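Sending over a structure as structure tokens; questions will come in a sec.
Labels A, B, C and D are assigned to the chains in the order they are written; within every chain, residues are numbered from 1.
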Amino acid sequence: MSANEKILEVRNLKTYFFTNVGVVKAVDGGTFHLKKGQALGIVGESGSGKSVTSLSILRLVPKPAGRIVEGEILYRGEDLVKKSQKEMREYRGNRLFMISQDPMTSLNPVFTIGNQIGEAIRKRQKLNGNDLKEKIIEMLKLVHIRASETRVHAYPHQFSGGMKQRAMISMALACQPEILIADEPTTALDVTIQAQILKLMMEVREQYQTSIILITHDLGVIARFCDYVLVMYAGKIVERADVKTLFKGNRHPYTRGLINSLPHLGKKQRRLETIKGQPPDLLNLTGGCPFEPRCDYSVERCSVEYPPVESAGKGHLLSCWRWREI
Amino acid sequence: MQRYLIKRSFQSLIVILGITVIVFMILHLTGDPTDLLLPPEAGPEERELLRHELGLDKPIYVQYLEYIKNICHGDFGQSFRYQTPAFSVVMGALPATIELTMAAMILSIVVALPIGIISAIRPRSYYDTLGMTFALLGQSIPVYWAGLMLILLFAVTLGWLPSTGRGGIKHLILPAVTLGMFSTAAIARFTRSSMIDVLDADYIRTARIKGLSEHIVVLKHAFKNASIPVLTMTSLQFGRMLSGAVITETIFSWPGVGRIAVQAIYNRDFPVVQTVVLVASVIFVGINFMVDIIYTYLDPRIKYT
Amino acid sequence: MAKSSKLWAQIKQAPVGGLTILFLFIVVALFAKFIAPHSPIDQDITHALSPPFFLEGGTWNYLLGTDELGRDILSRIIFGARISLVVGFIAVAISGSIGVWFGLISGYFGGKVDSVIMRLVDIQLSMPYILIALALIGALGPSLRNIIIVIGITSWVTYARVARGDVLGIKENEFVDLAKIAGCSTYRILVRHIFPGVVNSQIVLGTLMFGRVIIFEAALSFLGLGVQPPTPSWGTMLADGRQYLTYAWWLATFPGFAIMLVVLGTNLVGDWLRDMLDPKQRAAVRGKR
Amino acid sequence: MKGESILKVNNLKKYFSMGKEGIFSGKARMVKAVDGVDFSLYKGQTFGLVGESGCGKSTTGRCILKLYGITNGEILFQGKNIHSFEGKERMQYRREVQAVFQDPYGSLNPRMRIGEFIEEPMLVHGTFNSRDRKKRVAKLLGVVGLSSDHASRYPHEFSGGQRQRICIARALSLNPKLVILDEPVSALDVSIRAQILNLLMDLQEEFGLTYLFISHDLSVVEHISDFVAVMYLAKIVEMAPCDMIFKNPLHPYTNALLSAILVPDPELAQDAIILEGDAADPRGLEKGCRFRDRCFNATDECMEKEPELIEVEPNHKVACLRVAQKK
């Protein structure tokens, strides 16, 4: 098992939502891969398709509106798109796990924390009674929850947001997945708690060699946590690069605009650079580049034809007609 | 939890008091009972005398307080018609009504929950469409008509089941189905929609992410959450049933409190009417209180507030 | 643009059957005089208990047969629709306008006012409403006006509960705070900012309750304390027909069928309206009478 | 630097009652959302109020907006206690203090046209006649970067950023002196956030507005503020001019907050100060420093004595015993 092994390969993934108002192409041709032990970041704004990508990998796209219409999701060579929901159960919880956005709602309010972690443990080990309880306490200790002996019996509403997210991570640890997807794991948390959770996730990654897909809108989190980054806009991956290249040598106007629009601490500027216009309406996309109306570099061609994926360096891919001039 | 239960019992007490006020007021609205008790040719002196005897010449709040005092002593007044204590008239008929409502309720729950749950798991499937069509019909058919049609079909035409009276399971079937029809439909539809709501929740996704089997996801994780609003709704159905029993008992000549109450209204036998209303209300408040206790087991969030 | 196409998509899902039933019901009720083949009260003993046309002995003259006094059932059903329409419409209007205000006030002010109103609601829900209605009508006398009033004042709670729930949600919105900050009076906030938010669910509720009220009115008539003879009402017809169930089933069957059809129509239309206007409100209100 | 004070908050306290402890005991459970806060807003400047969720920053803003009554202390607007305002004075205050909130979806009444929404404050205050009001709505829409024919549309046609512009237009409609900005950009996408921040700063310059900018996001606060106060559990723990607080943070909590900001630059190696635990329950704090349980510098004294907010260097106030001793 080499360190560079690709454990997940997504090829030309298209996940659409068929609403009675029209078709929303939430993910429209996503191709990327994840290596063993890698931390892959997916960054984008609301509606960019980053969360749908993760749900597609788990095959949990909300039915009946959402559907994977095309593409392959290869986990160690097995195409997950072709699996039945029953077969997927062997992957979920064992090989794949996801921590979702809102720790407040992702735990079931009517069962104890211990009960919910226990379910994850029993998926791998058939433990019962005291053995199970001890294992649960051990799991809670791993994520630094104090007084875990009594907290086993607590209900989610007795936990703070940070503690709930820790409990979710302990569930992930119980499953020992190869791939951990974290969908905005810290967005709902305060900054000091965010720092705690990110640190914990780094520990997990180091200790268990877990590959992590981190989905966020926060470029700060990306810079801190990830090795490699995908930037999504309106269902398309517009640029991808290792994290240094992305921040220092990006060539896509959207990536650049996004990074420049952030206020920089300690660098007081009077005005921020902005991206003009409004986020795209996913129902009314034309065949061209979806960023075209907001782009300062756009030319006629941009509104007609979507640019092909081109390489701008080692591992640096992007889709823009004019990237060479940027 | 104690706080919660104390608060709820306090509220229940207020509700019962409020009911006594309303019953008392309706009683007064119905006019002078001396009209009923005395022969029409009775003179004004006789009338005054009776009014004094009955305490009707006292101020209204004194009358109310005496009324409450009497109730507390178990004295609900004499039935004008039967010339026995109204309370014992009502209590004598109560078992029949309880039998009927319990049968109808159990029937509703047993039928409605599976329909609601399965429809929610597979929305817009063949099963869902069928189940919900029946539920819609069940909510559209008036109880009295349903009763008559069932009698027409199973008693008159087919002769399988008796159409009137009480005794044994055979007698119970038609009235229970009649009374339970609306509730079955309502609970089934409500279960479906709360299950659909809950199945959308993030924690259900978490359960699926853990790779749990679908029946654990649905029956453990989803149903326990969905059962909380369903329980509320079901307990309200009890209130409806007590009203529905009035009609059902009339149709099937079921010897319960509902039929007694209707007769009492015809006969202007007010002590009986008010006793029925009070007893039925107290039962309903009691059921709601029990449901509150069940809540504390279903929803841990209540226990700690 | 997105919104209008969405609206169109929902309109396309309209329950044609339900709307047709309601439309026919209203037309029949309004133009009963012109539609009914016979007078609803004229008796013709020679034709008493004549069966509907499709049975042996039935005639085309009396499509749905006649009752024990030889009155045409179809005509009586047609005229009975008037009572149902009038009672349904006015009672819903009365109870809705009482209920919505209690709900608005209860939800918006909260605290003690809310507790008092909610206890009133509890009291109302705890009592067997049909007995209360019967007792009240018994006391006031069974006139159409009294029936409407009694139904109106005994069914306001559902509107109040739903409106209160809506208000509690709307109140959380920051536009309510912004209205206070702008200096709007409480009255203006209630009327301009809160009320429009509860209208949709009240319309949905009113539609569904319309059916409930028709059933309720017929139930009162069925129990003998509704609209008094000879005025034709569906409930009275059912009650009268009950005695003849064994050998003249049509007497009770057809008026009941009419009630069911109309209620089915309101339920279908109400469900559709709910999906369209008020997706949040679930079947919750259905069970609560 | 300071100029004319427009609003002064003195020892503001706001306790919320969380129901009675028992049915029969009269003692109410209190949550101290704001527990003795002092600060001043100066004309034409932006005062940043920063802290984590539940620290009382929004409650402070809402007290100033008179959405809540206050438990203790006073709020002086141009020298007058705002809670003593009645009738005309009250309406005057309502005219001069406006707000923009966090949620662009909840801020707009979905059943009111944009034009009506912006016009409403003027209508309520009886400023201008109907025609002039319409003109002003059109003008305001232009000021916030929208087009005047947006007035006849409903909110659902607008995106989050546009909605926030509409709220700003409404806030400006009465020519206010002070605008409370409660997390105005937190719910917006990154690419839209910068647009709104720029707009707010332009408007401040153009109309000489005073802002109270409430936010959890330190980098945004640093960008827009002249003066910053950091709140922790219902109290201000540090307060200083913006540059000073970011270049030389003194309170350990401010330090931890600053180090927890993730700079979008992978080359800047950061060693965050990781604070233990969650923010404490404000109900448990009877004595001592409210930050002591999470503080990496706490001593025994911190358990016993509550630090006062004192000026340790010109214009720089800190509530920390250890910092005060060092100085």
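Odds and ends about this structure:
Just so we're on the same page, a residue touches a chain if its C-beta (ideal position, glycine included) is under 8 Å from a C-beta of that chain, and two chains touch if they have at least 3 such contacts.
What you see is a predicted model, and the numbers here were worked out from it, not measured in a lab.
Counting steps between touching chains, the shortest path from chain A to chain D takes 1. Between the chains B-C lie more C-beta contact pairs than between any other two chains.
Note: centroid distance chain A to chain C, computed from Cα atoms, is 51 Å. Rounded to a whole number, the gap between the C-alpha centres of chain B and chain C is 21 angstrom. Residues of chain A in contact with at least two other chains: none.
Touching chain C in their complex are the following residues of chain B: 11, 14-16, 18-19, 22, 26, 29-31, 136-137, 139-145, 148-149, 151-152, 156, 183, 186-187, 189-190, 192-194, 197, 229, 233, 236-237, 239-240, 242-244, 246-247, 250-251, 261-262, 265-266, 268, 273, 276-277, 280-281, 284-285, 288. Interface residues of chain A facing chain D in the complex, by the touch rule stated above, are 45-46, 146, 160, 162-163, 190-196, 198-199, 217-224, 243-244, 247-248, 257-259, 261-266, 268-276, 278-279, 294.
Chain D meets chain A in the complex at residues 52-53, 159, 161-162, 189-195, 197-198, 201, 216, 218-220, 222-223, 243, 246-247, 256-267, 270, 272, 274-275, 277-279. Residues of chain D touching chain C in their complex: 62, 65-67, 90-91, 94-95, 97-99, 101-103, 106-112, 120-121, 124-125, 154, 156-157, 167, 170, 174.
Residues 3, 172-175, 177-185, 188, 192-193, 196-197 of chain C are the ones that touch chain D when the two sit in their complex.
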